[in-house]
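What follows is a pair of complexes built around subunit A, which joins subunit B in one and subunit C in the other.
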Partner chain A sequence: MPKCIIDGREAEFTPGQNLVEVAKKVGIQIPFFCYHPALTVVAQCRMCVVEIEKMPKLQTACSTPAAEGMVVKTRSEKVIQAQKATMEFLLINHPLDCPVCDKSGECDLQDFSFKYGDAYSRYTEEKRTYVDLDMGPVIKKNMNRCIHCTRCIRFGTEVAGIHEMVAVQRGNNTEITTIDGRPLETDYAGNYADLCPTGSLLLKDFRFKKRVWFLKRTSTVCEGCARGCNMTIHQDNNVIYRCTARENLEINKYWLCDEGRFNFHYVNAEDRVVEPRSGASAAEWADAIAVAKSAVSGKKLAVLVGSDLTQEEGKLLLEFLPKNFSGAPVFHFGTPGIRSSQEDAAADRILKRKSKTANLHGLEKLGFKGFDSLPAGTSAVLVIRGGRATLPELKGVTTVGLGVFRDSEAQGFAAVLPGASFAEKDGTIVNFEGREQHLRRAINPPGQSKQLPEILMMWANSKGGQNA
Partner chain B sequence: MAETQQQDETLFIQHFRESSRPLSYYLEKMAGYTALKKAFGMSQDDIINEVKKSNLRGRGGAGFPTGMKWGFIPKQSAKPKYLVCNADESEPGTFKDRDLMRYTPHVLIEGMVIGGFAIGANTGYIYIRGEYTREAKLLDEAIDEAYAKGYLGKNILGSGFNFDLTVHRGAGAYICGEETALLNSLEGKRGEPRVKPPFPAQSGAFAGPTIVNNVETLASVPFIINRGGDWFAKLGRIEKSGGTRLIGVSGHVKKPGLYELPSGGVTLRQLIYDHCGGILGDKKLKAVIPGGSSAPVLTADEIDVVYDIDPMMKIGSMLGSAAVVVVSEEMCVVRLLTRITKFYAHESCGQCTPCREGTRWMEEVLERIEHGHGREQDMNLLLDIAGNINARTLCALGDAAAGPVTSFVKKFRADFEAHIRSGKCPNA
Partner chain C sequence: MLVKAKKSFLQRFYLVEVIKGLGITMRNMLFAPKVTIQYPEERRKYSERFRGMHYVKATNGVENCTACMLCPTVCPAECIHIVAGERPDKEKYPVQFEIDVLRCCFCGMCEEACPKDAIKLSTIYEMSQVTRQVYDKDYLAEQRGNK
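Let's look at the complex of A and B:
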């Protein structure tokens, strides 16, 4: 492998790699705003300048491929001065509203200002201001905070496949906006907020909800479809505030679709059933289980297992169900119209899969069969799900729900045994490529809801109504 | 001096009349399209070598040797190659290419066909600044004439070489004179300079190998082919710079206008006092902006310099597009710099942080000084901002904006101080 020298450290590189990436490999951070490893290099923020031996001008590290024997300095006097100057330029028109800005605490501009900038500004003229347009339901724009890095524009055209973010006007008046001020159309709009290095593009969903330094982060996997995009859950006090994309170049790169990003809302929803129910009224766990047992007892039972459950839960059910409901047919369900992994396919050109549950492929491997319709004569159904699988229409049968349900979904259920959502448990899911990934518990099951093994154990030990 | 002028051969200026425009004039009086015939009998390398020998250097501003530039084009290319004429003449003070296109459009067309043949491009574009509506129309007419006579199109003069030429009008942005911004604009994109490398010779218009040359540069090519690179080189009076120069002189001189002089044939003093008749109203000379408004300013003591690329660079300024703006003592240099800086702030594309933020900042500080609200520290602030822009941007617009500020503040510091201390313009 060819080598270059960065700040005295020998760094190996693969030909074509730029200096930002090569420096990162040897533990040297070069600051940047406009650069993003997944987007075209534009070299316009000028923050990543480095000094290269035998080159009179400072060079932008993002646009300079490493070369054999190249000697690079990232902390020379000239570089430090240039970074200081760039920070001053970026801040002369940036509002000093960090105290009320949601980006504060995770803002590149703020961080680099502390690290590379100067504590005071020489700018005494009036700051530039813009009037903001509404950009639709996902993103709130604050153009005054924008540093014109154009990551959003490039994300739109190069990743989301839609040229909706544009630069209008020019020079100091340049405004980053949507074409004709239209609302954003892409269903990957949340990434604009992830990408923005300042508080210019923020999630409306997250705005003014929580200072980011209070948030605890859990690395987990999205349960929104069969791809299994890697993401981070941000929670505080057992409440999820947002989910952000987590880099995994083999699965989702740096991105998350809006459906997956905002899927978490049901977890903390007010109408989620978190107390055991007997009929429509809250009950003690023991009573609810007794009611559930007698509701299915003596009936012709079918069991529906959501493909939003983990492999561990699936295996457990494979042991539990035959012992407790011998002869009852078991089906998996999740997405209307997608009954098997054969029917799962790419739903767009970016990330989305047609299966809207995360573990269709896994449950199928365990031997679960897809649900089409209830066998003739079925009089009772036990529905076990994680929270995301779409419930099939169940009419004229006695239904017991085990898992996560909304109040409206549980209407008419004989009993509800509240379970844990994807954010409240550890477990394995298998994506469409057969890749096993792990859900990580970010919060505790709310109210009296419990993990599936615990509920099944209570069921098995309960002396309530006996199965036929 | 007038005698010398007559002895020196000029290529263009004697033809700058409305009556020179038709193809018939070009064929009869300027040996029109004979160079093209000759070029078709030469190899591509021979043509490029002839241009190299001629010491023709780019007339747009950078002064890069044209033959060497052509040599960068790969011989083999999977993508089509392009020859683009930069007719976005936008540098304040510059008005030479306009006359060239207006009066002798066929020299440019012939130069482009030869250039296209030499680099193996079958498509040419003339990217003309949006304000040159009349010239764009005249070029279109000339191109139609050339197509009708078979100087453009398929199998030109039976050579088997095809060349199509299109006039593309800009939409009014100075930055589109920067070659990669020009290419973006030509492709229908926002006029913003590209990251280099790749340079246009590797990947230019529509990602094909592309040469971008100035109007005057391309218009010199037929002369070089007809009379030889050596002859052209000898037209220049200085080493490494051949041919003649169209020089636009404006400002406070008695005879402003367009001049054609041998490359390196005069000093700035000779140009101003001998050719242009001296300063208007016989006032004292205050300053000279020697190469378009981005060229660092010269004081009255600095004009005994040979007016060509290398000597101008040696004294820290530049020949640029050979546009001389002469400033008499009656002009307020603070106001002048404010106006120049306003121009660059207005024309910055807005990509690079230092240029986007810095040009406007300088403009604001200068406005303040000009209107009597300057502070002592403003002069150092201006020098600092300019220093932080210079050489820190993707394209040369940052340097173009910084150069005037640095040079004006350094060389005319007393004028700035007077403004700041008295709270108004001492000249007013």
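Let's look at the complex of A and C:
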């Protein structure tokens, strides 16, 4: 491998790699705003300048590929001075309203200003201000904070495949906006907030909810579709506040779709059933299980297993169901119209899959069959699901729900035994490529809800009712 | 070995010693400057930097606070509870601003952390209440302080 020297450290690189990446590999941070590993290089923020021996002027590290024998200095006097000047220029029009801004705490501009900038501003003139137009339901724009890095514009054209963000006017008057001020159309708008190095583009959903330094992060996997994008759950005090994309170059790169990003809302929803129920009224666990058992005993039972359950839960059910409900047919369900992994396909050209549940492919591997319609004569149904799978229409049968249900969904159920959602359990899910990934527990199950193994144990040990 | 101290007659008589002691008492009682004051008629002058009852400072009738959450972040007693919101005349303001005074240790770090000069500890030190008080936003918005 060719080698170059950065700040006296020998760094190996593959030809074509730029200096930011090479420096990162040997543990040297070069500050940047406009550069993003997944987007084209524009080198317009000028923050990543470095001094290279035998070159007369400073070079931008993001647009300079490393070369054999190159000697790079990232902290020389000249570089420090240039970065300080750049920082001063970037902050000329920045409102410095960090106490109001939701980005503060994870803001590149804030961090680099602290690290590379000056504590004092010499600017006394009036700052430019804009009137912000609404950008649709996902993103809240604040143009005053913008530093014109154009990451959002490049993301739109290069990743989301829609050229909706543009820069109008020039120089100091540049404004980043949508064409004709239209609301954002892409299904990946949440990434604009992730990308933005300042607080110009923020999630409306997360606005003023929590300061970011209070949030605890758990690395987990999205359960929104069969792709299994990597994401991070941010929670505080057992409440999930947001989800952000986590880098995984083989699956989702740096992105997350809005559906997956905002899927977590049902976990802390007001109308989620978190107490065991018999009929429509809350009950003790033992009573609810007794009611559930007697509701399904002596009837022709079918078991529906949501394809949002993990492999571990699926395996457990494969052992539990034949012992307790011998002869009852077992199906998996998840997305209307998607009955097997053959019917699952890419829903768009970026990330989304047609199967809106995470573990369709895994459960099929375990041997569950797809649900089409209930076998003739079925009079009772046991529905087991994690919260994401869409319930099929069940009419004229006694239904027992086990897992995560909303109040409206659980209407008419003979009993509900509240379970854990994807953020409350550990487990494995298999994505459409057969890749096994781990869901990690971020919060505790709310109310009296319990993990599936616990519920099954109570079911098996309960004396109420009779096994079918 | 036990050695008995030899005392003179006057010492053994005690009366002189008692009178001497009484003399000190009388001197202190009648002539020494007094330390106690007649509270509540009389008040002691405290330092301007005394850390007493909290209030949220307002400018032109609008609270300075912008709900940046730096005071709950720095608070070692975790007694400040703020919920942020938006209203037409102010981008971010505290919808709820509560201080659980029973937990507060009056360290004054909230005052120090505040970038907006909003939360203040006044010199008011008479805070006894009949009920277990949580200072809510309306209570704190009253401009009691002198800072």
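What we mean here is this: the second predicted complex is superposed on the first by the 467 of 468 C-alpha atoms of A that agree within 3 Å, B and C clash if a C-alpha of one lies under 4 Å from a C-alpha of the other, contacts with A are read in each partner's own complex, and residues count from 1 in each chain.
Here, contacts are C-beta pairs under 8 Å (C-beta built on N, C-alpha and C of every residue); 3 or more make two chains touch, one makes a residue touch a chain.
Remember, it's a predicted structure, so these values are computed and weren't measured experimentally.
Superposition model on subunit A: subunit B and subunit C are shown accommodated side by side without a clash. Once the two complexes are overlaid on the shared chain, A:394 sits clear of subunit B and of subunit C alike. When the two structures are aligned on the shared chain, A:99 is found in touch with subunit C, with no touch to subunit B. Of the two partner chains placed by the overlay, only subunit B lies in contact with A:58; subunit C stays clear of it.
Looking at the shared chain after the overlay, A:133 reaches neither subunit B nor subunit C. Angle at subunit A (Cα centre) between the Cα centres of subunit B and subunit C in the superposed arrangement: 100°, in steps of 10. In the superposed model, A:457 makes contact with neither subunit B nor subunit C. Comparing subunit B with subunit C, the partner in contact with more residues of subunit A is B. When the two structures are aligned on the shared chain, A:213 is found in touch with subunit C, with no touch to subunit B.
Taken over all C-alpha pairs, subunit B and subunit C come no nearer than 26 Å in the superposed arrangement. Only residues 66-70, 73, 84-86, 91-92, 115-116 of subunit C touch subunit A when the two sit together in their complex. By the touch rule above, subunit A contacts subunit C in their complex via residues 98-100, 104, 207-209, 211, 213-214. Taken together, the subunit B residues at the contact with subunit A in this complex read 173, 175, 190, 195, 345-361, 364-365, 368, 381, 384, 388, 391-394.
Against subunit B, in their complex, subunit A makes its touches with residues 41-47, 49, 57-58, 63, 82, 85-86, 88-90, 92-93, 122-123, 125, 128, 147-148, 150, 167, 169-174.
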